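Paired with subunit B in one complex and with subunit C in the other, subunit A is shared by the two complexes that follow.
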Partner chain A sequence: MRLLSRLWLPCLILNVVSVLAIFKDDAYHTDWHIPLIGPSIAASTFFHRPNAESRASLIYTLTTRSILAAINPKDGELVWRQPLAESNGTGIACGGNGIIVSATGSAVASFDAANGRLFWENQFSSKIVDLGVTATNAVVVLFEDGAVRLLKEQTGDVAWEWNFVDSTDVPISLHVAESTVTVALSHISKLHLTTLSLATGREVGSPLSVAGHPDIPSTHRALHGDDVLSWTERSGSILKFMPLAPTPAPAFVDIPQDVIETTVVALKDRIAVHYKTGANSWVDIFTVDAGTAVKHYSLQPKAGAHSAISLSTSGDVTYLVWTSTDETLLYDTNRPEILETYPHPQGQSVNATLAISEVVARLDGSWAMRSFVSSWALGFVGDTHLIRNGEIAWTRPESLSSIVASTWVELLDPTTEGIVEDLNVETHTSIGAAYIHRVKRHLNELAEYGPDWVKALPQRIYNAFLSVENTESERTGKWKDFFGFRKFAVVVTAEGGLAAIDVGKNGEVVWKASLVSPPVKFAGISGIYEVRKGTVAIVAADGEYIEYDAFEGNELLRAELGAPALTSALVDTPSETKAVVVILDNGKSVVLPPSPDLGPVYLSIKESSRLVKGLRVTGLSHHPETTWTFVPPASEEITSVVSRPVHDPVASIGRVLGDRSVIYKYLNQHLLVITTINPTLSTASVYILDAVSGAVLHSATHSGVDTSQPIRVGVSENWVVYSYFGDDDVVSTPGGAAKGYHLVVSELYESEFANDRGSLGQAANVSSLTGAGKPYVLSQSYIFPSPIEAFAVSSTKQGITAREILILLPGTAGIYTLPKRIIDPRRPVGREPDNAEKEEGLFRYQPVIEIDPRSIITHERKVLGLKKMETTPAELESTSIVFAYGLDLFGARLAPSMTFDMLGKGFGKIQLVGTVVALAIGAAVVAPMVRRKQINSRWSAM
Partner chain B sequence: MPPSHPPRIPPPPWVIDLKNLPANKPRPTSAAVPDPPGFTNSSGSKKSTKQGGPTPTDPSETDDLFLKKAWEIALAPAKSIPMNAIMMYMSGNSLQIFSIMMTAMLFMNPLKALSSVNATFARFDNERTHARLWPVKLAFIALQLATIALGIWKVNGMGLLPTTYSDWLAWETERKPMEFSAPAFQVLSSN
Partner chain C sequence: MRLPSSLAALLLLPLLAFADEFDASPKNARIATVSAWPLSAATPTPLAEVSYNPRSSAGGSYAPIATGDGKVEELVRVGVSEDKGWSIVAPELVGRKDGVKVTLRVDRAGDVWGVEITEDKDAVGAPKVEVFRSEPGAVPALNKPIVLNPDGKVPVPEVEKTFLQKYWWVILAGMVLLVGGGGGSE
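On to the complex of A and B.
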């Protein structure tokens, strides 16, 4: 051991530097990132030129995830994106001259259209209803309280403000003209149109009144410019719209009963109304003539629940682009005849929910047409596509921005999959018989595969030397690659979509399926688990148990549980299979697949913010018993409950100290960490429990805590790490809490003394119910220079590799990896480490942990909106695979102790073999010469 | 075999040398050749006295001499032990090629010596000295063991002896839990 530790020490010291980074040539190769923005908002998606000189336009869109983005229509890459204030999926974005102005919630911001740089931002007290940009880039904003404000183009400061007096008025919309702005307000059964001067903010002329009683809120979508005002009346049975003119006259159409959505699109003097029923859709075209809208023609209904229209003008002609599932139709709004039909490629149907288009007439009489389309599919809402003359040029998987849960799926090993039965025979017979069986099997295999293998050998050697391509890409589908870097993450979206993402292959979507059927809305998920090899099980919150083939995406089983699911867990059964235990709303429990032999399993459930409960479930009984309850002290609220990862192997049960003695780790499978906050006293507490007995093993309370900031926890092996924001200003503490993010690590040991296994001594078994002993806890606190969004711990196959803590940093900062060694609580405080401590790899305690940019595994990428990180071991002990989701998707490989079990790319295979060959040739040439010389020298000596 | 004779080539010089051996003349004895003038052969005189006077030696005297010689051999390692000890102490406890080689020597040499104790003392062994050689041999063995002990001390100092808990840690196993628990507070909502 000592020998090992001695040999390790130099390696460890080297590692201090090296583990901080992966090899430079691995960056951006073994990790991938899919930047996403979310589903686009129809009214805030448009083609716009980034500046007046630019000839090409970009796609600007504001999404329901409150992200304003510019997309390059050529390749679908994001030119820039900006996260805005959250506003429940609503928001407005408008384009100005070289700027993009957005409004989410009650904040207005102006961005450089070319690079997304923020010009200004202004926060108001009232919510924003509508927004317009004037010709001089000033911004007119209509607020919920009826105020209209003009914001200066340079600073965003309020230039003037106009308030209407009547509080019964409801603001509807804002229409910016050259030098005036018209405000539409709904007043009992009238619509008031007030025109204000842009220069002064004074009313111009007297307000106009139009009879009308708009529905508020409305199901109708108005996707038009400032020249038209549209609304629905009588609960959506009449659609009215009118061009803004000195003497406005609303046109109206009756909406048939079965229409579920109407959209008004207006451009120049054309107004298109799109009607959608569940089965088909049609379009009416109106022409504006001297301030009144006259119906021009009506297009024949098209079958299909999904289609979208858009208008585009080029030269004198205004085109209508009608995108349906299988084809895109191009019309001239002057004539009802189809100009051009662009069928979508086979198997690439698009259920369009919104579309914006650009049409240009070519000299040869054909048209160049491109549409940016947001699509809808069961469970997957908001994928965006660019359809260029009927071809789908690119697709962005925006629906994956709403992933709520994921589970890892192990791929199949092609070398063992065919001989599973043989291997089973070998494990279940006596050693002698198994040996004979194995020898026979190997001989058979040699006869069967040997010749082919030998034949393929030169090619393999050739490939290994000369092809630059990595061999890991050779296996596809459900077959594992040699090192096990490919794994599927099966994810569930908030809309009820189920997808398999190949994490080892740049996040490619392998298959998609839907957990819901149309009329039912997805109720949420209570758990997703890999229950068998290649099978995932999903427990839906509404009480459904669904099994899917993880490789193909086929539904295997769907079972009703009889009541909404409260919570669920994956447990091991005695027959070495796995089962899902579901606790139902009605207090019953269900085990799926039914396993009567399932012994008692202890589950812990967070019942409320004041109660965590332990349940005892068996395979036979359907009534879980409550075994313990945890109620925190008065006025404390439970914020999180965390347990050890399911796969958390421990390679060494003790820790060797410098003097070769051992302190034994307190390894409890049932470790449960509960964090609470006490807002009145500004304290945060951490309780470490045994999930079976409910015994509190350790607790710690920190005072001077800003309880408004979340407390994050990570658990693995025998340690707990958590963070909180300490602030002495909140409540003054005796010692004075350092202001900043505290990172506290607590390690649990069996005994305070070395070479002591605690109260249980050498016992081989431990029962939490008869007493698992209390741990001896070593804690240390550090200051972390950044808020922490989430913790995760690297996970390797055997747990031999040092563990690394993954820290999700907020905003676009990415994922930071912190070696566990760095925050060792045994680091000597206030003195240099002595020899024994040095030998242990400890170094002097320093309270502040510096963020080393080389340890950020997202590198220079701007990842956004990540919420959760999942880790899983690869086939190689050194490597752990990471998958992070939330908005963007990110995948990477981690090698906390470097890839010690794999040759690096820099390994000179050719050099090595070349040296050996050269030496062999040299020896062959020199040997006879030397022999002759020796004989000659013998003779000449005589 | 073809009947034609190979062309006659002169025999190699060594064949000629071998055939014409010089006449095997006996070396002139010293007695035959007179010493040069002024040369006095002191050794020769000694030799001559020895040769001349074949005084029968006392066997017990020879045995004493044998034993004395044997003791000398037996105690030789004692002289090297302090030197070894100092060297071991000076070389430190780090694992380096020299200290490892030196330590290996500390084991190799005594073990070699121990395996050939009888051979070492065979030339002093006869019927008379046999019994008296026992303590000599024992002393020899004890000193070799002392050298080995020195080696063990050194190896221990280097931390290569499995004497501590950490050396047996790999054979200790985690306690098996008697109960099974599963976390089940995973509440994931659709939003």
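On to the complex of A and C.
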């Protein structure tokens, strides 16, 4: 017996463990991740061999989102990526022998080109202007203050430093040669070229001077190596460039007025200049002969606003690849004739903004050509493609790295969509008539669909047994699947693009549209809402209201509101439809669609860091009234204003305690949480307000807070969670708080006592305007082992399923789900729970929350740069759908209380039926035997 | 030099404690003028003078300032001054004497930064005055640090022997005496 119990115990523990996780076979199937890097920077994108032995090269790129990445040209997969210090979309990356060196802001880092491992990193006090890698992998850096430093190849430490004294000099660029480095500096109306020895850092020879007055910053793009120096003069009307030679002689071209972009590309002894106007583009080819550039020929202009050129050398020929919208042209730079034209496939035009290419001549006289191209489309900037001999081999949706807002769109239910009218008839007639109507409808349906259904039955049973995915769940387009796992997230990019992402189908982009037309820049977004079934409404910050068909991506309506929008909200109208309320900059408000029956709606708006305002809007008046104002105590600054999610159903209004008494939750739809910081006193305060009356329901002040770190807040039901960084040695807080990230949970109850509603008494309705007492607040604080980027709360259809808090961890690049019951402020502190508390599911308080790796819903993936998580209920009560964006895209399903309403894939259907059949057969065989035996035994007893 | 300063501190300590107590006494009560500002009105009008003690939540008093009949039909904002926070209440609560509570939000310096008027059935005759301050936030209940003994080991607490463990021999001797002691002669 004891042996048996010993065997059982580990089994039981294993069982508990498996209950904590999702079904193992669901991991990586029901969740998806699209790793993105952002739009590439032209000068820092190149083909490069990861090491000297390697035959194939990889694409290396530094992006405007400060991510350095290596892309496999074969399939477009990321070989590795590294997030670097943010630097406003600028940065430099260079390839060395087996290394990639990057500079963003004032930091230089060197990475292993093959696997992205960091070799070294060095931070300086001045910003970096230019960077070069020597033959021995040492790094030469030119700084904004004019200093030139050589960093050692092994450690990144400074080997030597050269400082020029004149403060009127402006550093331009750096040119690394075999044993020297040339620094170009602009000095009043001259360009100084100083050559330094790489070994010693001393000047070699005397500095050269060239007459020139470069534009700073330069108005053209220089995509050339170290052999050429190029600049523009007179606000971009003259382009000058010269090969670096002992006697420099700049060549120059006049840039026509209508040219909006010039690019200089140089390779070996060829210089190509690319001109772009709004309507067409052309290329001039220069050859370098004995240190001077001579114009070789011009290529005929091509129509179209978008094209990009790149040079590639193979053998002793330098090729020019010119990528335009619908074809790629290959030239030999010796001749102006086209070698080969590669038309892009029909319907796959690429508006190239930058291109890098590799061209190889085949033995049969043809060429193998591949180009890595970054494209531009209205609202979607920076998608990258690989064009291999005219075919688009792959595309990376980098434009989706700049999503700023998203809303969920419910798909249509094919079983009810066709009979909506019939159902409406049934709800609007008397019970008897409705019953007759329904019976008739069912009979009709039986006649119509019955035979087909019976015919399909064997196939369905067969599929179900073989665990083939239910055919119904494979519905596509606007039809939802049986369990409602598919939903569209309609997203808006920072550039004004609108896209629908199918979250149930691995993040597939269903359609794309643009909110802006060319000359206008997107002003930003105030809000995006699902206003009706299949319709999304976008309120642009510049005061435009746009409606789109969420399934097809067609624009339905566009209206000017007359002034920039300050804030907007989706509200329910009395006629059971939804309306968008927009508060405008000119003190007016608009309700769309116009709903005169809309009663007073209360909104709140953060005006400044010292003021949050409450506004009252009605459907009839166009002037919102300021109802309340929140001005925090002196020297406090408001950092965030958070309210409860719109869909936040509460299944139970109370909490049953172990002794069968109930404490009632303080449930207020208008809960508003405001956090403030006081940098002088190092305190942070949290205020819980009623958003209708502006009354402060609760407030707490934490001391010893590092106010330079953000405070994150999550609100749902009757509770608030927030995090801050507590420190023990912050200014003016002697003692301070325990050092670390604190996670505080506060739950609001109507009264301190069980079976008591406090001042609410027996009231069925309570008005915020007469105020009925303050809630009783229970709080508990924990130490959390990671910084927190954002909170979200799982959302299910009825709110019966336990809630889980989603926590975005920026450090480990993952999403952690923390069951709400773990951070229950009723957990007993300093003692074991008594029996009643155990019955409630409470366990002893532990000050530190350990991150359980099994609750990381991103599993082993690194999700970089996520900013926001959105949750929405599925059709099944157990399941909540998650979509996270910011840089990467991530989607998953959550089942906080396990999928109690669905069978797992491993459920043994055959086993079950087999058992039933075996039992039936057994019973059929044994029953006569038993009967005979009974009769026999009675006879024998006689 | 060190001695006088510590002496001074010693002398000051009771004084400081006294000051604290003095602060909490009704004498140190402060007065705030609560104003009412109907939504359509251009400016607020003073409603009442409320005395309060920033250090205790109760014990304030309410003295109405008579301005007309004060009856309004619309929502009313209440607050102390235009540059501080205002909250709104139903018009029937403003200027009422019974069943009303006035809550003053008081900051660290003891100044009022917001006013709320709510229903309170217990208040009879005059509005109840309450002071609302920000509570100190919850902090993690950390375990006590373990103090090592000079050997660098966790000290093992000495378990005190129970009465039985200590005096078993006395009881035993008593038992022996009881059992072994001869009975009285019969």
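Definition applied: the second predicted complex is superposed on the first by the 880 of 942 C-alpha atoms of A that agree within 3 Å, B and C clash if a C-alpha of one lies under 4 Å from a C-alpha of the other, contacts with A are read in each partner's own complex, and residues count from 1 in each chain.
Following the convention adopted for this analysis, contacts are C-beta pairs under 8 Å (C-beta built on N, C-alpha and C of every residue); 3 or more make two chains touch, one makes a residue touch a chain.
Here the structure is a predicted model, which is why all the values come from computation and not from measurement.
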Partner chain in contact with A:H742 - subunit B first, subunit C second, else both or neither: second
Touching partner for A:S767 - first (subunit B), second (subunit C), both, neither: both
First, second, both or neither for A:Q123, with subunit B first and subunit C second: neither
Partner chain(s) touched by A:A405 [first = subunit B, second = subunit C, both, neither]: first
Touching partner for A:S575 - first (subunit B), second (subunit C), both, neither: neither
Touched partner set for A:G654, first subunit B, second subunit C, both or neither: first
Partner chain(s) touched by A:S703 [first = subunit B, second = subunit C, both, neither]: second
Touching partner for A:Q154 - first (subunit B), second (subunit C), both, neither: neither
Touching partner for A:T415 - first (subunit B), second (subunit C), both, neither: neither
Of subunit C and subunit B, partner touching more subunit A residues: B
Common interface positions of subunit A, toward subunit B and toward subunit C: 692, 767, 769
Subunit B-touching residues of subunit A, taken from the complex the two chains share: 1-3, 5-7, 404-405, 492, 494-496, 522-527, 541, 567-572, 581, 583, 599-606, 612, 615, 641, 643, 650, 652-654, 656-657, 660-662, 667-670, 672, 691-692, 754-755, 760, 763-769, 942
Of all residues in subunit A, those that touch subunit C in their complex: 614, 616, 625, 627-634, 684-687, 692-696, 698-703, 726, 737-738, 742, 744, 746, 759, 767, 769-773, 779-783, 825, 829-830, 845, 847-848
Subunit A-touching residues of subunit B, taken from the complex the two chains share: 14, 94-95, 158-160, 162, 164-167, 169-170, 172-191
Parts of subunit C lying in touch with subunit A, wherever the complex brings them together: 39, 75, 77, 79, 83-90, 92-93, 103, 105, 107-109, 111, 113-114, 116-121, 132, 134-143
